[in-house]
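The same chain A turns up in both complexes below, where it pairs with chain B and then with chain C.
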Partner chain A sequence: MSEEARRFEDVDFGDEIPESFADVRLATVHVFTEASGMTFSRFNDHQAARKQGMPGAVVPGIMSQGIFAAKIHEWAPGCEVEKLDTVFRAPLIADTEVRVRGVVTDMDDGARTVEMDLTMLNEAGETPVIGTALVRLA
Partner chain B sequence: MQIDIEAVKKEHVGFAFDETTFDIKAETLANYARGCGETEARFLDPGHPDFRAVPNYASNFHGRRNLPENFPADILRSFDAGKCVENLAPIRPGDTITGRSHIHDIYEKTGRSGPMMFVVHRMEFTNQDDAKVAVVDWRLVMRLGEM
Partner chain C sequence: MKLDLHNHSIKSDDGRAKVDNYCKWIAKRGLDLDGFVLSEHRQWDGESDYRALEDEYGLLILKASEVETEYGHVLVFGVNDDLVNAFDFADVRIPLRTVLAEAKRCGAFAVPCHPSRAIVGMFSHFDEFGPAEGVEVVETLNGGGRGTENDDAVHLAAQYGYRGVGGSDAHIVSHIGRCVTEFDDDIASIEQLVTALQGDRYRALSVDLD
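Up next, the complex of A and B:
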């Protein structure tokens, strides 16, 4: 990771966060659920989740929201994520391949902020989690 | 069960129904950040001079009640459609955060599975200095035909 801050002047409308994978291994979900108190079996146990009608253990919605924030920080170290809106359209399943994308959709010169569209894609190419962010840059 | 959305709005929107406090611990903040895949030391290292919660940490707070008393719907029959967090000041270890809940909006949409009621549950958070640190909108969806 580059520690150099991404400045507002370095960014242009349409710039993209390079596509990358989200770490949704069950072991990582455990770390999150222990810290967040979301220790329900549907998040932590594939078999228990299947018994509840899910395809496997579900990644908590707010963990996917946190992954979006982490990807923004990787792209623009030192930035401030002022607002992050996330829509949970379908369950995201642990131990699957999840790709994260982001694109700058608007810029405010005065506030030095950018708006971004964010997307998570599952192995079927569907978008179970989408979001928008307002990010203040250096 | 038939629900008059306008009547439910009039009765419940804008009225505070819960207040809960949360004590913020460094280890929990760091582990939460690790679970999200954070890479920046200001979120992972409690020794960092700017150590603080990740931007969506307030999304994790829940009040003692999720809906007002007498609300004509069951939280267990709803699903989580999304969360929006607005950050106004950092949340740091040692903070005592107070969250106050109210219903911000109620509206109806009709999808393929029929009419649905959307409830926007808003929590506003202040720290021990009464500074506003975050606002979280939680969108809950309930199928009207199942209520």
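Up next, the complex of A and C:
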């Protein structure tokens, strides 16, 4: 591992993961669904998803969880994501602009863990996916 | 003063925020907020005592409930022993007329929340059940509002003559303070909040926290 681990002592309540975009292009979703065996049309085909009542092809929930986990690891190399809890309030649509945010909302000195709020924002600024994570730092 | 009237802690099944972390967050971010209300889903939390946190952070922390009716979800402020025994807070189909009548009888106050949201919002049931009798106030600004929900709530509240309040409906720490209610008078207790809600010296505000 070439990146330096983020240490618990270097983190403070309220610290943020820098906002970044999530790659939810349909082509990327397709790669994910092929690899995970989730080859349902609602994930891979905008037109088919619309026929099923969705606004467009839906990003699978576990892909959103994977995006959250990846953003945490980018922010804190060497960490362990011990728990990731997500709430899906509305469909996250492929081929849209999705921003990801994270912020430290609790710290446990003894366990060297932090709790984080996680949010995905859609183009309207709404949060179709929110979550929390328990992360053990070096 | 500004109060956020609708939030959930880990006492709610879908709440992920500890109350002390709400307080830390408000202090750390310097939010323009004098206090907040915890409105746990389908229950009355009679046990939790947040007075130490109030003193430590200089915030007013009040407790309410969010119950479920055939017209959607309803915040109930001023819950007391009489009201707890008046209906089953865990029931997901309490008649709205029962919630309104019993709240009034027991000195509490009921406010349908996120009223323009499908299924869980009061206005979405008007076609089926007709306008609800006895409603005075609705939550016109909800922090989890999507699309035109809040705009629709403001419009429909005006149409039906309801007063409006604001609440974040926060389930995670960083979502508190997104929608608040600004009161013209000071409030120091749940009884004073109920009295204030019975009047009209307040307004819902949306807060841009970005």
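Of note:
Assume the second predicted complex is superposed on the first by the 136 of 138 C-alpha atoms of A that agree within 3 Å, B and C clash if a C-alpha of one lies under 4 Å from a C-alpha of the other, contacts with A are read in each partner's own complex, and residues count from 1 in each chain.
Following the convention adopted for this analysis, a residue touches a chain if its C-beta (ideal position, glycine included) is under 8 Å from a C-beta of that chain, and two chains touch if they have at least 3 such contacts.
Here the structure is a predicted model, which means the values were calculated and not measured.
Touch criterion met: A:D23 reaches chain B, while chain C stays clear of it. In the overlay built on the shared chain, the residue A:A124 is in contact with chain C alone; chain B does not reach it.
When the two structures are aligned on the shared chain, A:Q65 is found in touch with chain B, with no touch to chain C.
In the superposed model, A:F8 lies in contact with neither chain B nor chain C.
Residue contacts after overlaying the shared chain place A:D85 against chain B and chain C alike. Contact with neither chain B nor chain C is seen for A:W75 once the two complexes are overlaid on the shared chain. Judged by the touch definition given at the top, the superposed model places A:V103 against chain C, while chain B stays out of reach. Residues 85, 87 of chain A contact both chain B in one complex and chain C in the other.
For chain A in complex with chain C, the residues that touch the partner chain are 13-14, 85, 87, 89-90, 103, 105-106, 115, 117, 119, 124, 126-128, 130-132.
Chain C meets chain A in the complex at residues 14, 16-18, 21, 24-25, 28-29, 144, 146-147, 171-175. Within the complex, the chain A residues that touch chain B are 1, 22-23, 28-29, 31-38, 61-63, 65-67, 69-71, 73-74, 77-78, 80-88.
Remark: chain B residues 28, 31-40, 43, 54-56, 59-60, 80-87 touch chain A in the complex.
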